[in-house]
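My structure is below; once you've seen it, I'll send some questions.
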């Protein structure tokens, strides 16, 4: 084999060209995106200055607002817990009806699963807005919004867990003449319990995150304080509230993660 | 002798499990009761609210005013731009954060700890909170939105990149150390090829999440679909808001589908 | 073999790991240039630790390691890298980059000689040709542009050997190179290794736990027990009495 043939054989020019083009296109789209949003260099520099000034104004954080704001943080946690509990209850019922191997009505599964997808895809904050219009401000719309959003996710994963239960176990119970509901409670439910609990804790984690921001649109909790402080240009308070939100979410994350590990 | 010990240990384990179960149940019941009381949750109130919700959905929201779809085209593009630009910035920041946070690549414990701390902070704070802050800092609009997406995204990617980097086969790294290669050479030739699939996978996933986040971030002033949705609701134009919601829903589904498809294709080609 | 100054000298080498394990308890060793030396011993006897002390992958607790006049145990940074260029290593798990092509893996052997161009993977055409030639000598020319994970275990190990040869080394250290291979591939790999080391004048130190291979391939055999040299001789000297001492006495001591 001569030099030329060798060069050809080991050449990766095609790959390199392809990669280069992809990167180039991505960079071009990036620049276009920025320009379309009216973000040019001047804006970026001004932005950085604004942020720098903002950061300076935020320190030191205002600890004095803690007594006032702390109860709201707790309320956010409560809203999240209630929303999750409601979500779990409804999800268990609905997911049983949606599971192919447990549902009394065939075909209902597809309908329910699309419903789950819908409630899941619409962001919790949007649900909150809708519920506020429907039932007014306060913690109720927040709880409902989280519950509905949770059903979207838990309904899906619960029904998948049920459908993955060993067919043999369910058939065994069915063959004794048990009703559909009994097959569910005595067979599917115990088998999937660890997974259900794990998912529920995971959802609680997510709901705490959402709960902290639901207040932003008026659905109760600490989010409202955040917006208020930023509107009043009380930046040290903004920093303090952000830190509280962070601490809240982080703490719950660690707890649920620990709990999920213990469940093995 | 041995058998007795074994049986005792089993009994102990069972007892411990039982205690754990009882304690967790008590804690759970306590938390739920506390939350119930704290939010003044009342099932009657919820029940009373249900017909309201039903009425709201059937009369105010539906049928959606499909003709108003034109209002949402511009914001849709804005949402896409925000998600993309925010994602690109997040990826770049996260590469640095991720490498910093990987204990097997950076040997200084302090740097790894710092990297992880930064990622955790960026990640735990929800994107909407970042948006509120950014809007206060640089004003309403997609600029604030893009930055918030970038920050939140950097937090998540920083952690997942670091985890993926720590998962690689260090044997391949050792082999190149034995060859006498420099740190950068080892990184490009032994670390990066192993990291690439996880890198692409997580980055695509982040773009996916960004679309959802971009839609929400607009609700507090960050531009895009969320912003116009907020406007329509504040103006009581619910039938248009319904279209907006469906629009967001559709957009999320389409992007989810596309990213899943392209992710599969690219991972195959690797 | 001429009685020149040995290429490798190990004096009173001790290695204790952070957990407290005393892996090497005073090893003395001399290796002549061009030898094909085999290390044998039970698991945990210290073969792997010894090899890794020779190229600095393990630090030394006390003692001296000298290769070609350079004190390995005192090297750091750039100087250590410079030494490692001259010492090739082959691992039990092959440790080649599976997602890259065979040829690219072989080229990795030259990284120690490159600077920034090495980071970008810009190797000279000459190096690429040489890499191909080495693969050819090891019977892998047909696999040169395949992705490394498409090869069998024995082939992967030969790629690793090619990578080491590419370094133009004086010494090749092989840490249980055939432990993960079936007998057929093991023979092939050891055969190729010995042949190419002989052709290039490379000194080889190979750790094995299979007696038969030791007898078949070694110019000289060194046996380790609990971190000390307890046997030194040729394949013929390795009779059942010697094997007994190496392996079974260690077990007796445990109780």
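Going by the order they are written in, the chains are A, B and C; count residues from 1 in each one.
As a working rule, contacts are C-beta pairs under 8 Å (C-beta built on N, C-alpha and C of every residue); 3 or more make two chains touch, one makes a residue touch a chain.
This structure is a prediction, so every number in the text was calculated from the model and none was measured.
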Of A-B and B-C, whichever chain pair has more C-beta contact pairs: A-B
Taking all protein C-alpha atoms shown, work out their mean, then name the chain whose own C-alpha mean is nearest to it. B
Of the other chains, whose C-alpha centre is the longest way from the centre of chain C? A
Based only on mean CA positions, could you tell me how far chain A sits from chain C in angstrom? 52
Mean-CA-position distance for chain B and chain A (Å): 7
Where chain B and chain C are represented by their mean Cα positions, the distance between them in whole Å: 47
Along chain A, where are the residues that touch chain C in the complex? 6-7, 9-10
Which residues of chain B touch chain C in their complex? 169, 171-172, 174-182, 184-185, 187-190, 193-194, 196, 270
Quick check: in the complex, which residue numbers of chain A touch chain B? 26, 29-30, 32-34, 36-39, 43, 46-47, 50-51, 54, 74-75, 77-79, 81-82, 85, 117-118, 121-123, 125-126, 129-131, 133-135, 139-140, 143-144, 209-210, 212-213, 216-217, 220, 223, 226-227, 230, 233, 235, 238, 242, 245-246, 249-250, 253, 259, 262
Can you list the residues on chain C that touch chain B in the complex? 55, 57, 81-85, 87-89, 91, 93, 95-100, 108-109, 111-112, 114-116, 118-121, 160, 163-164, 167
Chain A-touching residues of chain B, taken from the complex the two chains share: 20, 24, 31-32, 34-36, 38-41, 45-46, 49, 52-53, 56-57, 60-61, 77-78, 80-82, 84-85, 88, 120-121, 124-126, 128-129, 132-138, 141-143, 146-147, 212, 215-216, 219-220, 223, 229-230, 233, 238, 245, 248-249, 252-253
